[in-house]
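What follows is a pair of complexes built around chain A, which joins chain B in one and chain C in the other.
Let's turn to the complex of A and B:
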C-alpha cells in the first residue's frame, strides 16, 4: 500500500502537475500557430516574464498590507495575466505585425520570436537577477497530507499544486465554452481553419489576432507563475520547458487546443513514468516472480528527462503524423 | 438602371493584366452566367468584382455606388457575397457554425435568416451539428451557399459551383441557384457546364482571352450557331 501511495505521489501526481503546466503553455502555442502560422519560440520567456510580474504584483499587495490564507502570488497572478496579455499584443504590434504585413514567411516569424525570446531573457536578468527566488513572500507554502487507511505514507499535495489543478480545470472549461459558444471564439476557429474564407466572410482578423495573444499571453503567465510557485522562480525556468511544450503541441495536433491539453498531460505523465523508480512498486511482488529487482529501476535517469517528450513526439509522428487530434501538417 | 454595371474593366494579378476593357451589366433579380474557354478570365471577373485583384482601369458600380477597389472584407456591408470555387467552407466548424460565421458582420438577430437558409436547403438542417468537412462535395457547396446567404445579399457571386460534382448533383445545384434567385437575389455565376448554365440564365456573357466575345440573353446565346460552335462544343 505504501508503495502504491508512493507511486501515486511520485509518478501520477507529479506527472499531472507538470502536465498541467505543459498544457497551459501548449494551448497558447497551438492557438498562435493556428491563427498566425508560426511557432512562437518566445512563449517560454513570456511564462518567466509573467511569473516575475506576478511576484511584483504580490509584493505590491503585501506592501499595501494585504494578508490572505492563500499565497499572495496567486492574487498577483491575475493582474499579471492582464499585463502579460497586453505585452503580448504590444510585441505583436512591434515585431510580428510589420513582418506579417510585409508577407514574411513563417520561418522569418520564427526567427523574430527567437529574437524576442533572447531579448526577454536579457531584460529579465537585468531586472530580476540570475538567482532563484521564492514566490512565497509572506507565508510559507502550505502542505496538505492525505492519509489513506492502510498506508503509513500520506499522499502529499502542496498549496500551489491544488491551485494549479483547479486553475487548469477552470481554464479548460472556460476555453471550451469560449471556442464553441462565443462569436469571437468561433471566429478564431474559422480563421485557424481557412483564413482566406474568413476574410472573404468579413471576419475581422485583427480582433482574432488580439484574442489569440490575450489567451496565449494570459495562460503563459499563469503557467509560469504556477510553476514558479510549485518550484521556485528562476530566470531560465520556462526556457527549459519550452521544448516539452512544443512536443506537447505537436503530439496533440498543431492548431488543436484540445490536442494541446491532451498532449500536455500525455507528455507530463510519460516523463514522470519514465523517471519513476519502478523497483519500489515491483519489490513487494518479488516473491511472486522469485527474482530480486535492482534497487533502482527507472526507464531513464532523471537527468535525461528532457529526452522523453521527443521520444513520444517521434512515436506519434510515425504512427499518427497529424497528432492525436488531427492537426495541421507542417 | 442596372444593379451591377461594369464598364471597361481592366484588371489582373499584380503586373499581369488578365481582363481588358470588359463590360457587364445585370439588372436586379437576374441570373448572369459567365462562360468561356479555360483562361478566358471568368473567375478573374468575379474576383475583380469582389475586390480581390488590382483594378487598373474601368469602373464597377453596384446599386448606385462605385465599389471599384473596395476590399472584399468590406463588401459584406454592401450586401455582396462571394462563394469561392474551392475551400469554401470552414471544415472543422459545424454546418450551423459555418452559417453563423456568414453572419459575422451582422450584429442583429439572424435566426430568421437561418430559418430561411434551412428552408432553401432542408438537408442542412438535419446535418447542422456535423462538421462541414465531413460532408460530401455537393453538400459542402450547399453550406457554402448558405454561408453566403446569411448577409441577405443583393448580389451573390458563384465561382464554378458545380466543379467536381457528379452530374446528378449538378442539376441539384442549378436547381438551388434558381431557388436562391427566386427569393430576389441577383446571381452572377461562372460555369464550365455552359449549356446547362445558360439554360437558366437571364443574361450570358461569353469571355475569350480576357475580353467580351458575346453578350446576349441565355437563350439567344444557346441558339447562336457561332457561339455553339466555338464555345459550347457544337
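Let's turn to the complex of A and C:
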C-alpha cells in the first residue's frame, strides 16, 4: 500500500502537476501557432517574466499591509496576467507585426521570437539576478497530508498544487466557453482554420491577433507563476520548458487548444513515469514472481528527462504529424 | 533575403566588400596594437573558427532557408568526436573488457537499427497496417531495452575499471574530419525526421537535439569524462608548451585560416554552380522547384547535412584551440545565437559576409565583456554616490547578462531594418 501511495505521489501526481503547467503553456503556443502561424520561441521566457511580475505585485500587496491565508503571489498573479498580456501585444506591435506586414516567411518570425526570448532573458537576469528565489513571501507554503487507512505514508499535496489544479480546471472550462460560445472565440477558430476565408467574411484579423496574444500571454504568466510557486522562481527556465511545451503542442495537433491540454498532460505524465523508479512498485511482488528486481528500474535516468518530450516529438512527427487531435500540418 | 533565383553576375569590383574588409582590417590592426600580439592572435584564431561555423550556418539559412537553432549541438558533437579521435590512448581501457563491450554495443546498435528499418517496411512483405504498428512498437521497445541495459552495464564496467575510454591517439587533422562526419551523421537523422515538414519543426527539433547532446556529453563519464573535462587537447601544430605563445598561436591561426579558405572556396564555387542555383530556387520558389522535378526534401537534407559537417569541423577547431574539452562550456548563447548574429549581420547567403560578420562580431563580443562590467560598475558607483543605493552582490554576473539582451536586440533589429545584412547576397541579373 505504501508503494502505491509512493507511486501516486511521485508518478501520477507530479506528472499531473507538471502536465497542467505544460498544458497552460501549450494552449498559448498552439493558438499562436494556429493563428499567426509560427512557433513562438519566447513563450518560456514569457512564463518567467509573468512569474517575476506576480512576485512584484505580491510584494506590493504585502507592502500595502494585506494578508491572506492563500499566498499573496496568487493574488499578484491576476494583475500580472493582465500586464503580461499587454506586454505580449506590445511585443507583437514592435517585433512581429512589422515583419508580418512586410510579408516575411514564418521562419523569419520564428527567428524574431528567438531574438525576443534572448532580450527577455537578458532583462530578467539583469534585474532579477541569476539565482532562484521563493515566491512565498511572508507566509510559509501550506502542506496537506491525506492518510489512507492502511498506509503509513501520506498522500502529500501542497497549497500551490491545489491552486494549480483548480485554476487549470477553471481555465479549461472558460476557454471552452470562449471558443465555442462567443463571437470572438468563434472568429479565432475561423481564422485558425482558414485566414483568407475568415477575412472575406468580415472578421477583423487585428482583434483576433490581440485576443490570441491576450490569452497566450495571460496563460503563460499563470503557468510561470504557478510553477514558480510550486518549485521556485528560476530565471533559467526558458529552453528547458520550451521543448516539452512544443512537444505538447505538436502531440495535441497544432491549432487545437483541447489537443494542447491533452498533450500537456500526456507529456507531463510520460516524463514522470519515465523517470519513476518502478522497482519500488514491483518489489512487493517479488515473492509472487520469485525473482529479484534491480534496485533502480527507471526507464530513463532523471538527468535525461529532457529526452522524453523530444522522443515523443520525434515519434509524433514520424508516425502522425497531425497530432492526436488532427491539427494542421503547415 | 532577396529573390535571387537566377545566377547572380559576379561584380567586377566588389566595392562594398572591399570597404567592409578594409574597415575590418583597421579594427584588427587596432586590436593588435592595443592588446599585443599574443592576446590578439587568440582572438583571431577564435574568430576564424567562428567564421567556419558561420559558413556552415550561412549555407543552411542563406542558401536553403533552413532554421537551425541547434548549432551548439553540432559544434559539441564535433568537439567530442575530435577529442576522442586525437586524444592519447588510455591503456587501462584497452586492457579491460571495455573494448569488447563497446564493440558489442556497436553491433547491437546496428542490429536494432536494421530491425527498426525493417519493421517500418513491414507492409511491403505482407503485414497489415495495424499489425505493422504493433510490430514497430514492439521492435522500438525491445531495441530501447537492449540498448539502454547494455549502455548502463558498459558505463559501469568502463568507469570502474578504466575511468573512461580515452582517445585513439590519431592525428588531429583526421580528428577534425571525423568530427565533421559524425556531426553530419547526427544532422542526417534530424533532417530525415523534420525536413519533410514545415520549417518550424526543424527549429524545435534542433533546439531539442542540442540540449540532449549537451546533457549526454555532460553525463557520459565513460565516454568523455563528463564534467571532469579532458585536457590538454593536442594541436595539429606544436603547442605553446615551451612558452612561445605567439609563435604557436600564429601557426594554429595559419591552419585555421587554410581550413576557412578551403571551406569558403568550396562554398563559393557551389553557390555559382547549378547546385547552388537549384538550392536558391528551392528556397525562393519551393513549389515551382518541386514542379520542375527537384526532390525538395532530399535536397534540403543534403544542404542541412553539409552545413552541419562544416559546423562539426569548426567546433572541433574551436575546442582544440582552447585545449580543454568541457561539456559544461557549451552554451546556447555563445555557440548558437552569437553565430546567428554573425551570420545575419554579415549577410545571409553571402560567404564573404559570413566571414566578415564572424570576425567583426567576435571582436565586438570579446570587448563587450569589459565594457559591460565597466558600465555597470560605473553606474552602480554613481547610483551609490547619489542615492545611497547598494548594488546587489552578484553585479558582475548580472552585468554579463546584459550581453544576452544585446544579442537578442541585434537579431530583432537586423531582421526588421537590415534583413539582408552588411554584405547582402548578390542581386540577380537576368
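Definition applied: the second predicted complex is superposed on the first by the 327 of 330 C-alpha atoms of A that agree within 3 Å, B and C clash if a C-alpha of one lies under 4 Å from a C-alpha of the other, contacts with A are read in each partner's own complex, and residues count from 1 in each chain.
Following the convention adopted for this analysis, a contact is a pair of C-beta atoms (placed from the backbone, for glycine too) under 8 Å apart; a residue touches a chain by one contact, two chains touch by 3 or more.
Keep in mind the model is a prediction, meaning the values are calculated, not measured.
Of the two partner chains placed by the overlay, only chain C lies in contact with A:125; chain B stays clear of it. When both complexes are overlaid on chain A, the residue A:243 reaches chain C alone and has no touch with chain B. By the touch criterion defined above, A:183 lies against chain B but remains apart from chain C after alignment on the C-alpha atoms of chain A. Counting the residues of chain A touched by each of chain B and chain C gives the higher count for C. In the superposed model, A:284 makes contact with neither chain B nor chain C.
Look at A:201: by the touch rule set out above, it reaches chain B but stays clear of chain C.
In the superposition on chain A, the residues of chain A contacted by chain B and by chain C do not overlap at all.
Against chain B, the residues of chain A that register as touching in their complex are 183, 186-187, 189-190, 192-194, 196-204. Against chain A, the residues of chain B that register as touching in their complex are 50, 72-77, 82, 84, 87-93, 97, 100-102, 104-105, 147, 151. Within the complex formed with chain C, the chain A residues making contact are 33, 38-39, 41, 95, 98-99, 104-108, 110-112, 114-123, 125-126, 129-131, 239-240, 242-243, 246, 250, 300-301, 303-304, 306-307, 309-310, 313-314, 317-319, 321, 329-330.
Interface of chain C with chain A (complex): residues 65, 67, 69, 136, 148, 193-194, 197-201, 203-205, 207-209, 211-212, 215-216, 218-219, 332-333, 337, 340, 344, 392, 394, 397-399, 401-412, 415-416, 419.
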